[in-house]
């Protein structure tokens, strides 16, 4: 099966061929590199930009205003923080012009920890992104969702922030992308650029099909009765793994939801699950002060307070200025499998 | 009594004379204007900068690294969003260098609604600021606190974000600043620059005294038994007013806390109050998704869940892309007196 | 700041005769109309019919020809304008009615640019490729290369025009615009304009800017660059025409700095009073029109009177129009398919 | 990108004879030491003793003279350096031991620059006014004017030096630096350096930059500006000396662009293999030193061997040093008074 980077590449290819995607651009996005995580290799409309994030976001807004369908990349979300004003403009242009203009652009950016990226290749962007009105924000945790959400993003009329959990970009999926060859070696031969000289290389794209994961729909990853776990991105597979182990070894049945869309999020699914379990744990790796999970806790409190069996919990990144390079530092800063397991276990065990 | 703009000016004067403040700068901060809200009139060390917020924050960091004590102004916090990366650097420099360097700088910026400032003179900065580690963040709601917190900021060894609720800048205080003459007409004659030609004008400063409001200490504005209301900035006096009216007319006794420092905040005082009332309402005017009040709700849930008599509530700005210019739009977007009164009343009345 | 350098047309005043009388009269008409509109907006502010005024009195001699020379329409075949907040004259020259500006001033629900949400002077008109004006200084310079790239790709002769003030060029976005517009082999059809009134609110350009001319910044990027007297409508017309023809044909950037006046100060925040010590482009143009017999004083007075009455009447009409509802804050957060 | 323009010293190679032999030998020594250090860091990365390598092989001819010419010390009387991540040679020339870089590579608790928190090449040394290197490209250009202003005020001859790469000059912060450094009457004592290796990761400068020379951007601001051959240590030394003397004395900015090589590609992310097709400053310097009889091949071989052994020994030592504790993440969020 494809890994997430390949899935993104295939989605971009499908979208430029079939859905009107016009520009895939950013630093090192075009040939020869095709992106620092290979996500844009072989994409026809991919081009390299100057090293200027403000220029990149500005260009995307301008292209969108002129009827193009751009997908801009910020190489690491760690470097997006000088563009927040422009992101706000992309998000407020439709509203400020009272519905005169829309800005159908996509920003893709890798987020999160997991590759020993040190202070500036480990940031999360959940909290900042969800505080900006006017955007839709998605974050896949599987290659298939990555494909389907990217197609949905291209079909959107509004700005979409597409967050790529960098720790998952090289992880292979468990489901085939429609049209993807069953053999991953073959897939790799077809669409991965060769190492070294590649100026004459052209990808051979499989006959991909349209597959859209609607923005705003979460995914029930595992059913359970004792506690609800809501997560997204890097921590989602860890939560699923923790839940599986807890079910097998300790009889704790956690229901795991992959939020997938951070905004507008699928409160219906989350709410129904909390209704059932009475306990909810929100897991993400952004720093824990003014964290998007805290919004979800507030929402939980508003709708479910009197029926909760335990306080809704947040497991998130520590409120420190960065993720340090050394193993111990990274492990201590953001939720790891053990932290998630412990948190689920504790919540399941909690008695008023 | 001095208004908050005058209080800030007096604090800057006191600090440049006595506490080593070296630079008060930003767009239109120096003569002839002395700041768009007059906060820097007559300040010796005030100077005008280029129209470049990134340059302003960068300059402040550089000055602080070189042992100066700068106080930079961003003319409206609405224009700070292209500098978030630099604010993050100011906040992470000590940590990233493992304690080698510190960055003792202050950023002052007016925040919030209340002057029909439309989309770009109405922003709040609470959520974004509190999500950046390494800073201390204060926001006075009275002239005396404005004075005392600014002196504390100048005495700090770390970056301090000093948020000025613009709706309160022209409101007179109810307490004298130590050294301030009792007669405000006289104060105005002494320290307000004349309209029109003022190139030869010099302020006559009163004999100000040192008065420090420690960073991290909240203020109990009103005692009460039924519900705790925690607020700061523009909404704080409204909360106090609502509480007073509810006590007088409806027998609802709300305890009102002015948080004053958003980070690191005075959990001890807030927590003790919640312990007493069992009910808490957090009021602020930043947009309500991924809002700092949601952090305080999470904290409340963590520490008090089983003893709460009602769900902790948030009253904040609506999650819309801006505050529209027309009266109706502004009123509908951010908490007004009536909204706060209604929220306190409803919470006081809430029965499980 | 030194005086403008009139690159081709040297120190002599441009001759009225280089333009047909009809055009001169049309430009004058629009300049007066724009001035009367701005003065009405100021008056509305002063009498409590608006919260804030900012606008373009003192820039008419430049902004009118700009509007006249634009290729008006929707989509990449036409010109895009990424304006700042002093460009009512450009809008009027494009054919816009003044009533829209009055409505925005009064923040009525009928305001065609923002439905009562935004400040005066914050135009938006998709039908004519007028991108929404937003308050943060200089962001339009980061955005404009995007529409220009779409046009480069589309072909034809549509161009992108971006304007802003002098102080704002200190923001990095101005530099970004120069860089993105001059990528080798990917030069963009963009006319980069700076209207230099030598002030940023209360701050004199001379205290913050080491450049002799802002337009000199284009030279390092091999961008054709020029500083002109924007207070002269004939110069402005001719220079804009030349610059626009270059951009339309060559599909390459041009940086044009126009020296202009700021006749009512920065905005209502600084009082919005007539300043008196800066050149008034209408006054000097009228002197020339009269001296050269193109228009008489009486004709010009009548014109001003006509616009004053027309626009006052519009202002009265606007006064009774409804304000937007509070509940409408949730409208248009996302695009509603049309 | 065209070849460097050697403004004063034209096309001829600078003569070794313009510098005393002792200095040539010292520069060579440091260049070799720096190269050996970087090669060791790469080897550590390749053998799993570090997660990421980025550094300066190919910039030694420029970075060594820079370090030698700096006025080393703490506070505004001394030079401030706002460096980027390719400046190990500058640090060594200032007298730093290579072991710090090895410790940072191995992210040990003993890492003197970040305690195991930051990537290789991210130096920080307050004692010598070395501001912490941070990964976001170009922010140092926004920050550096601050230390320069403090120095302008302090007097004396201490200056601020800021360095960065060519691709990064597309960020607005580079423009900000030019603007803030050249405010009329407030010109700053700052040496603004760009080390131009003609690449930003995989992107060739020629595809993104319309400037003939990046240094041309200084001219609009009346900043003295020059592009030099940074692969020649003699040219670098002489040009840096001249530029620094100007900045020290005149208290005004100078923009210096040095053309350099990137001998092991961008970083470990691009493989960190020797590229072979770019000028190697040590190789060419050694040829000249040998030709002119300053050093023999044998002496130079011995020197490299000596450093290889010394640094390998240090790397062995570092290998056994402890990693920071998880609990230490909460240390130094705020300043601890010393």
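Read from first to last, the chains carry the letters A, B, C and D; within each, the first residue is number 1.
Basically, a contact is a pair of C-beta atoms (placed from the backbone, for glycine too) under 8 Å apart; a residue touches a chain by one contact, two chains touch by 3 or more.
Small disclaimer: the values here were computed from a predicted structure and weren't measured.
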item	value
Chain whose mean Cα position lies farthest from chain D	C
Pair of chains joined by more contacts [C-beta pairs], A-C or A-D	A-C
Between chain D and chain C, distance of the C-alpha-averaged centres to the nearest whole Å	45
Intercentroid distance (Cα basis), chain B paired with chain A, Å	34
Rounded Å distance, chain A centre to chain C centre (Cα mean)	42
Sites on chain B at which at least two other chains make contact	49-50, 52, 54-55, 79, 82, 85-86, 92, 94-96, 119, 133-134, 320-322
Residues of chain C whose C-beta touches two or more other chains	114-115, 117-118, 134, 136, 170-173, 176, 179, 183, 207-209, 333
In the complex with chain B, residue positions of chain C that touch it	51-52, 107-109, 114-119, 134-138, 167-168, 170-172, 200-203, 207-209, 269, 323-330, 333
Chain D-facing residues of chain B, complex	23, 49-50, 52, 54-55, 57-68, 70, 85-86, 89, 92-102, 104, 133-134, 157-158
Touching residues on chain B, where the partner in the complex is chain A	54, 79, 81-86, 88, 91-92, 94-96, 119, 127-128, 130-131, 133-134, 263, 287, 289-295, 297-298, 301-302, 305-306, 310-314, 319-322, 352
Complex contacts: residues of chain D adjacent to chain C	170-176, 179, 182-185, 187, 206-212, 216-217, 219-223
Touch list for chain A against partner chain D, complex	27-28, 32-33, 36, 48-55, 78-79, 82, 116-121, 318, 320-322, 324-329, 331-333
